[in-house]
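Two complexes, one shared chain (chain A), two partners (chain B, chain C).
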Partner chain A sequence: MSLLSMKNVSYRYPINNWKSLKQVTLNIEAGVFYAVIGAGGAGKTTLCSVFRGFIPHFYHGELEGEVQLFGKNLLQYELADIAARIGYLFQNPFTQISGAKETVFEEIAYGLENLGVEPAEIRKKVEDVIALLKLEKIAESNPTELSGGQKQRVAFASVIVMDPEVIIIDEPTSQLDPQGTEEIFRIIDLMKQRGKTIILVEHKMEWIAEFADRIIVMEDGQVVMQGDTQSILSNPKVMEHGGTLPQYAEVGLKLLGEEGIHQVPITRKQGELVFSKLQKGGAE
Partner chain B sequence: MAILTLDQVSFRYPNGTNAVDRISMSFQAGEKAAIIGQNGAGKTTAVKLMNGLLKPSSGTVTVDGWDTKEHTTAQISSKVGYVFQNPDDQLFHETIYEEVAFSTRHLNVDAAEAKKITDTALELTGLTEYATLHPYSLPYSMRKFVTIAAVIAMQSKVMILDEPTAGQDGRSLERLTRITDYLTGIGKTVITITHDMTYVANHFERVIVMANGHVLSDSTAKEIFWQPALMQESYIQAPPVSQLASALHWPGRIVTVDEFVEYGSGQVLERKDSM
Partner chain C sequence: MKKSILDLYPTTKLLGVLFVFISILIVPGYAYQYAILPICMVIALLAGVLQSFCSLFFKGVTLIVLFIFIIQGFFYPGETVLWSGWIFSLKLEGLNYSLLLTSKIVAITASIILFFQITKTKDLIIALEKMGTPKKVTYVIMSTLQIIPQMRKQLNVIMDAQRSRGVETEGSLMIRAKAIVPVLGTLIISSFENTQERVITLESRAFTTQRKKTNVTVLPKGPLDTIVRIVLLLLLVLIIWKGVIG
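The block that comes next holds the complex of A and B.
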């Protein structure tokens, strides 16, 4: 049985007269890293909000169809019970930082404190996460005085410290530079290695190609394609659906059929292998 | 004549740190340029000095003949429009139409002209069909275009876009390109801050690299993305096709998909000829 699932799910926000999700059927399996891609307004964030229970527990509107979380209907949950099992990292780290705490250490401890965990245990868990995410240098800093990239890592730490089974991450790197982006993907990869189920909304295709297991393509409120990363990110149909491909696949598709080019690479490593055949004196 | 000039400009925060240190750059009417660099490099400080939100601690910023120190921020911002990084910092109205139309109140135009300016800005940004909606009924990526439309409607001579590419998909990037090209085509100067190096390589002739409050380079994408030392110093990464071409030791300083494909196909032809 799937860890999370949607069956014929449609949803309309109270503010809108159109549906942001239309008849979505989707299964999320344990331990798999999914990337959700597609144009702005395709329904990616809405999809995440349903799995996290913000819809319908926080946003009302009209929800149709059936959503199952860990074998139980979404409507039978309290929001707090979902929070314990599904962590959520928002696009804008400023949304996540509580503003109530004076140090990064306290900020990360905040969620555990609210659950009434023993202080000694809190200390240990927070120290572990700080070491894992290499936040030692900023542990005593004020969260509001950090750079965007640092804030995003602290927000991520606050999610990880709760040890959720599923981590949903909505465009974590859109405000970050390459260095900040790399750090976030390093953490996501770490979580994947620890067996977490990950749902990531992201536009940076070269990074997704390196790390994700499966891709879900959305357009106009529907899931229009899904499959393993290699087959989806080398498929030109993704672009017809308003998505983008890694640049390596773009050049691969244009050179496909030229002598020696039989595959579409999606990563730089694959690109080096595939295109070295084009060079004079290259592999025959 | 230059429409905007920064001459040896420094800006020091009250705690004494230099956010930008003796930077100089100059822009012509109708020119577009990209400013790139790591977070904290001084990019946003530089553009805030351009539109008068900040006044230089030393050096001179001249906008359309005005020294920014001698004019109010409101006066300067009528000449230099600024689209903030986060659209939610500048959306206040009930409908998208009102949001954009509000900008025309500062212009000396009658109602009919104001409507025309508003409609043009909405059309250019692809928002005409959403004009009656609340700005927050649109997703983040589209809300950004509402703020861009509002700044276009101000009709300033210079327009600054701070991270317009963040979280945008392929179609939105195309729309952004169309908007930029239209504006430069009618003589506006467009300055874009971005982390999207593919977007920079595809669409910008002039690229300015900043690091630690300094301008490290003011040249072209081809110059910048093939200088490993410069990229390392400024923590920028070349577009994926440049990285791949570099790993393959391909010549010609490739920075775009088309250049890569052109060279790749050429190799095939040469091999066939030599057989």
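The block that comes next holds the complex of A and C.
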């Protein structure tokens, strides 16, 4: 049974006269890592907002079709009740700090406080998450004074500590440097290993190829392709829909059929294997 | 001693401020009211915050007190002229009225500044929440205090960007005003933009849930709190009693 699902969902923002989602039907299975890709304006963020309930609870507008969260209609939920089950992170690290707390420790604890968890339990959970995400050095710092990458990690910790079943992450690395990006993907991988269902909107295809289980390609408010990572990221049609492929896949597509290369490499490891095959072929 | 003062429960300290507010209205004259300042300075010294207390107090209050003295001293109606020159005359009645007025201002501001110097904002917020203040109200207080340095930082970034484009931002008052007015618009608009995302952040942390909320920080009330509260109450009773009798 799907954890989250959309059936013929269309949505129009109140200020727009066009639909940002058009007849989207999608099932999200438990424990699977989904990457949502597509050009800007394809509807990726809107899709995330619907699954998190910000649409229609916060953004209003016109929502058609049926959205189910954990077997219950989205409209039957209060927005705050979804917070404990679906974590949400977005791209701007600077606005993901609540502004209500003076230390990173308290910031991470904030969600649990709002959920009414007992202080002793909060302390234990926060300490665990701080150790997991290696935030010990900044635990007593003021979260508003951190760098973008540190803020993003604190935001992650604040979501993870609430132990949601699903984590929706909308372009978390778009404002981060390579080191910050690597840190974020390390955390995402940790969450994947813990069996969380992840929906990630991201443009850094090399990272997606490395970690995602399934890919959803969006264009003009529609889901135009979906499938397992290998089959989607080795398909040149992705580029026709405004998406991009990992560099290894782009090169691999050109080499397909040569020197016994029968599968397009999408990850670094696969790419290195292909190149070593080519090198051997050349040497012989 | 420093720790004892700093560790007092925020509402105990707040009661101290309230005591000052009430007592300065009951006790006649201005000597007691002015005496609040040195008392506050002694407490600030013991708490290790004398320097910041004095800096804030004198920067904030000196001009106001001086202004009141000049206005009231010269323009308050009276007949006992102490000094006169051109169309101005300093009168004893005006001076007395100035002393009465400024003594209260000094006492109130000294006690408030001291309160904020020896009380962490987060402790005050926790105490307020324990008293039943809604989290939405305490969030507004806390986030406002947090947002001021953030906006200052943002302002500096925008000013740097202006400078790098050759806009004059330093010099006379007029030049600085010309530079800062257009920047304020950008600053306010970017703050509005951030508000929407901040709301989403809060929603992601279950801010609007109807459940009973808790707080990870536990603020204990010590025996010193009880002693201070009793002493304040006894002093207030004594002041009221003396006020009624005498």
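Couple of notes before you dig in:
Note that the second predicted complex is superposed on the first by the 278 of 284 C-alpha atoms of A that agree within 3 Å, B and C clash if a C-alpha of one lies under 4 Å from a C-alpha of the other, contacts with A are read in each partner's own complex, and residues count from 1 in each chain.
In the analysis below, contacts are C-beta pairs under 8 Å (C-beta built on N, C-alpha and C of every residue); 3 or more make two chains touch, one makes a residue touch a chain.
None of the values given here were measured: they were computed from a predicted structure.
When the two complexes are overlaid on chain A, chain B and chain C occupy overlapping space and clash. In the overlay built on the shared chain, the residue A:106 is in contact with chain C alone; chain B does not reach it. Applying the stated contact rule after C-alpha superposition, one finds that A:207 touches neither chain B nor chain C. Looking at the shared chain after the overlay, A:258 reaches chain B, while chain C stays out of its contact range.
Contacts of A:11 after superposition on the shared chain: neither chain B nor chain C is touched. Of the two partner chains placed by the overlay, only chain B lies in contact with A:243; chain C stays clear of it. In the superposed model, A:77 makes contact with neither chain B nor chain C.
Contacts of A:275 after superposition: chain B is touched, whereas chain C is not reached.
Shared-chain residue A:92: touches chain B and chain C both. Chain A uses residues 92 to touch chain B in one structure and chain C in the other. Residues 37-40, 85-86, 134, 136-142, 163, 166-172, 195, 198, 235-237, 239-241, 243-244, 247-248, 250, 257, 260-261, 264-265, 267-268, 270-272, 274 of chain B are the ones that touch chain A when the two sit in their complex. Contact residues on chain A toward chain C in their complex (touch as defined above): 52, 54, 58, 78-81, 83-84, 87-90, 92, 94-102, 105-106, 109-119, 122-123, 126, 144, 155, 158-159, 162. Only residues 13, 15-16, 38-41, 45, 91-92, 147-149, 171, 174-180, 203, 206, 239, 242-244, 246-248, 250-251, 254-255, 258-260, 268, 271-272, 275-276, 278-280 of chain A touch chain B when the two sit together in their complex. Those residues of chain C that touch chain A in the shared complex are 120-122, 135, 138-139, 142-143, 146-147, 149-150, 194, 197-218.
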